[in-house]
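The following blocks contain the structures, represented as structure tokens.
You will see chain A twice below: alongside chain B first, and alongside chain C after that.
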Partner chain A sequence: MSKISRAIREIQTMEELAQRDQWVNRIHPLVKLFLTVFYIAVVVSFPKYQLTGLLGMMIYPLFLFEMGELSVREALHRLRIVLPLVCVAGIFNPFFDREILICWGSFAISGGVISMVTLMLKGIFTVLATYLLIASTSIESICYAMRLIHIPKVFVTQILLIYRYITVLLKETDRMMQAYALRAPGQKGVHVKAWGSMMGQLLLRSMDRAEELYESMCLRGYHGEFYCGKSVGFLGKDLAFLLIWTAVILIFRLFPVLEYVGSLFV
Partner chain B sequence: MHMADALVAPAVAGTMYVCSAAAAAYSIKKVRKEEDPKKIPVMGVMGAFVFAAQMINFTIPGTGASGHLSGGVLLSALLGPYAGFLTMIGVLLVQCLLFADGGLLALGCNIWNMAFYGCFLGALLIWRPMMKKGASRGKIAAASIIGCVLTLQLGSFSVTLETLTSGITELPFGAFVAVMQPIHLAIGLVEGLITAAVLVFVYEARPELLWGVSEEGTSTSRFSFRRTVITLAVLALLVAGGLSLAASAFPDGLEWSMQQVAGTEELETDGAVYDKADEIQSATSLLPDYGFSGSESAAGTSFSGVVGAGVVAAVCVGICWIFRLFRKKSEGKESFLQR
Partner chain C sequence: MSHIHIEVKDLSFAYEEKHPVLQEVSFLAGEHDAIGLIGANGVGKSTLLKLLVGLQTDFEGSIRVEEIPVQKETLTQIRQKIGYVFQDSDSQLFMSNVYDDVAFAPRNYGLPEPEVDRRVMQALEMVQITHLKDKPIYKLSGGEKKLCSIATILSMTPDIILMDEPSVALDPKNRRNLIHILNGFEHLKIIASHDLDFILDTCNRVILMDQGRIVKDGKAEEILSDQGLLEAHSLELPLCYGSRHHVL
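Presenting the complex of A and B:
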């Protein structure tokens, strides 16, 4: 499967997940947006040696993955982009920070190893949180939440349009690439001679498409206002969800909960 | 160059959000002033175009590698810096949400590193002055290559600064810069060449689509497209060689500067204000020791933490299963009653 076809499939999968009738999907989008940003901010705020403290933050993705009946495997697949970058940043830590911080018998762990693992965990948790948001909330609903917090409609409208036209243009690009590949067998990528004409043609067609899109929008009564998602009321359960999770995240950030629980058994 | 959330500290992310939001607010004001109702649909479709174009691999002649299109300079050459900047933000947000390419918290950093430099500096300081007296193939190629190389250099330098100020990596400043800059010089050069090829094609097919090009210009060029590209490539390689030599000769610029200014590589602080700040820091830094002192008890505390993690995970999964079991039962009852 080509890179473009994979991207189209990924977008469709995310859309299907966001359309499911799960209770996590029915939570107000603004609550989920706020909680995701709050959770990510708290996760990255952990100091580099607080590995056990950071482990406690697994509670949010763990709970919501289970409750939302989402596949962790699919979510981990998204780590293929983030994890190598995070590894590059953290891989040098064991070489530069060699101070021994933990000794379990004859087994010694240096500060660099702990900070590297902490960094990787942060990378995993933050990606899982974003996945949870997008797997339970459609882009339309996220745009609706953005409008609720008064993000200008010029900006929100163009995000919606980008999203709507991504699949269309990806399919067009895929067709063009397929046609090119059939005429240039065994060639990897686009030859330097075709760089300008290949992308230029796609660009001119996209520009023409934008003109047609504008005309059709005008025919349907577009006056600068674009409706993003159906309006959703803020219910008591949304408030409860927000308050409970904010409290849980804060408790796990402020207190060594895992150590308290562990000391009951050890 | 997309930064992940794990690579930034909340304070750095917040600061960059404020900077990017200020640039976005200014851009929105400028786009509104234009009062062009067509602008928003064009921005949306062009954002989707950049997204699709970035999926295409362009073969670099003589190597097995491939390059991708740079969005910022291309968008600002077509839509102008303000609409181009807003479109790039949209692209970065959708990339972050749909493909986990860059983080939600690090979005402010990514906007600054990739959209701000590419759109504002690329368009206002490079593209517009060069197109002031009319466009030509050579000028477009030169502007695209200089724009992409320069803005990518600035972007990658910002990534280094943001990562280091976040305290994420133990890598010294000099070494980090020496790794980042030459890599992004090569990437910028390839991206510049692709952008140049596309913009030259647009110039020849539909020149009216290019932004900031004066109509008084003629198509007769003092530089040919090929000569411009070769000259810039040689220049870039020379600069890259010079930069990497300088980087290895002075491995840590920050420490060197400190040594020159303060006579020491690390600043020591004393006084009531610093003591108070230290106290506040100790009070607010959660679990200051956290059992990582190398003692047996420390190992024990850490072990408790790991055991605790397992127990909490098991309890969470258990609760979820029970909840789902009850829900399925109640759903089953409802459907039975409906029948």
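Presenting the complex of A and C:
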């Protein structure tokens, strides 16, 4: 399977995950959207040396992985390109911040190392929270939630259409690459001489296909407002989920819960 | 006398100047007509269908759909009356699952959710694919995609159905199924196709086009059995007539 086919398959797998009939999937999309944004904001707000407090924030993604019956390993595999980039963010901190903060006998840890790990964890947690939102909520539901909080329809429609056109673009690219490979045996990739015409063709074909999709939407009453799926009622369980998790995230942010728990065993 | 649904008068159109695609096309279509639009590649069949739903409005002449002239200001009204099925189903289906795609039009027309649900289920039942309701679009076969495309327009409860090459890429069983379903519709149908057997099975009237003009307009059986006429316009007898002729 080519890289492009694999990318298309990955997008389809994410859609399948979002459409499963799981407890987490049935939570109102607005609740999940709010909690994800809130969680990311709280995670990012941790001071650079507050590593133990930040570790406690792991509870939210772990809970969702467990309740949504999602595989952590698969998630890490899917995020294998993004996570290293996120981790690179604090890689120079140990060189600039050499003040020793922790000493265990002859073993010392500088503030730079702790702030680097904190930054990495912040990146990992925020990416995981976003992944969990996408894996438990369809793009239409996320956009529906965005419209509920009056995010301008032009932005929401842009997000939806970009998401749809990514697959269109990938499929066109895949077809062209297959046609090229069949007539260029033994060649790795596309020869530099063909780059220009390939890109031009890809652009024109994608524009044609995009125009047909747009025509199809117009013929079915599209006037700029994308109705993103079934409207969902806000139930008691949604409110309870929202309140409980807002409280849990706040408690983990304001109090050193892990330290309290640790002191029970010392 | 049957009610006139579409009136096309002296219609001419060109994508580029000096290269007319349609020239002085005129015809009337009544409510009980099932019209097969036939002709060789590039004679303007698809363009004519696109003009009928107002995908191009810079044409000469006039098109009236149920007395309403096709122009920019009336497109919303026109498109509520006409369902257009694209040749390539992938161009028609863009939501993540069958239900949402079929519900796209009723939701756009602001119908309440219970009514949307009723229309979606009714449309799916008409094309016998209720079991595919929650299936992701990319998992559908070619035949299922075509039926789903038809369901997306049926949920708008149109008075007129236009189809561009509906039998392309269908296996014999799906093709037979589609013929059966189309024959069950009482709407005015205009079907553009090269598949003359399909036209013979689904249409009672045929419009033969060549070089952007209507060459012949008449009963399907008469036109489709006229070997000389068909061959003069780069077509051949439908296989059923051809094989019968061969046997005789």
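Rule of thumb we're sticking to: the second predicted complex is superposed on the first by the 250 of 266 C-alpha atoms of A that agree within 3 Å, B and C clash if a C-alpha of one lies under 4 Å from a C-alpha of the other, contacts with A are read in each partner's own complex, and residues count from 1 in each chain.
Rule of thumb we're sticking to: a residue touches a chain if its C-beta (ideal position, glycine included) is under 8 Å from a C-beta of that chain, and two chains touch if they have at least 3 such contacts.
Please read these numbers as outputs of a predicted model, since none were measured by experiment.
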When chain B and chain C are modelled together on chain A, clash or fit: fit
Chain B versus chain C, judged by how many residues of chain A each one touches: B
Touching partner for A:Ile149 - first (chain B), second (chain C), both, neither: neither
Touching partner for A:Ile139 - first (chain B), second (chain C), both, neither: both
Which of chain B and chain C A:Gln12 touches, first, second, both or neither: second
Which superposed partner A:Met217 touches (first chain B, second chain C, both, neither): both
Which of chain B and chain C A:Gly262 touches, first, second, both or neither: first
First, second, both or neither for A:Leu182, with chain B first and chain C second: neither
Touched partner set for A:Arg164, first chain B, second chain C, both or neither: both
Contacts of A:Arg209 with chain B and chain C, given as first, second, both or neither: both
Lowest C-alpha to C-alpha distance for chain C against chain B (Å): 10
Those residues of chain A which chain B touches in one complex and chain C touches in the other: 139, 164, 209, 213, 217-218, 222
Footprint of chain A on chain B - complex, ascending: 2-10, 13, 24, 28, 31-32, 37-38, 40-49, 51-53, 55-61, 64, 66, 69, 78, 86-87, 89-91, 93-94, 96-101, 103-105, 163, 167-172, 193-194, 197-198, 200-202, 205-206, 209, 285-287, 290-296, 298-309, 311-313, 316-317, 319-321, 323-324
Complex contact set, residues of chain A against chain C: 12, 15-16, 19, 138-140, 164, 209, 212-213, 215-223, 225, 227, 229-231
Contact footprint of chain A on chain C as seen in their complex: 53, 55, 75-76, 79-80, 82-84, 86, 88, 90-92, 94-97, 100, 103-105, 107-109, 113, 134, 136, 138, 152-153, 156
Touch list for chain A against partner chain B, complex: 3-4, 7, 10-11, 14, 36-37, 40-41, 43-45, 47-53, 55-56, 58-59, 62-63, 66-67, 69, 78-79, 81-82, 85-86, 89-90, 92-93, 95-97, 100-104, 111-112, 114-115, 119-120, 122-123, 126-127, 129-131, 133-134, 139, 142, 152, 154-155, 157-166, 168-170, 172-173, 177, 187-192, 195-204, 206-207, 209-211, 213-214, 217-218, 222, 224, 226, 253-263, 265-266
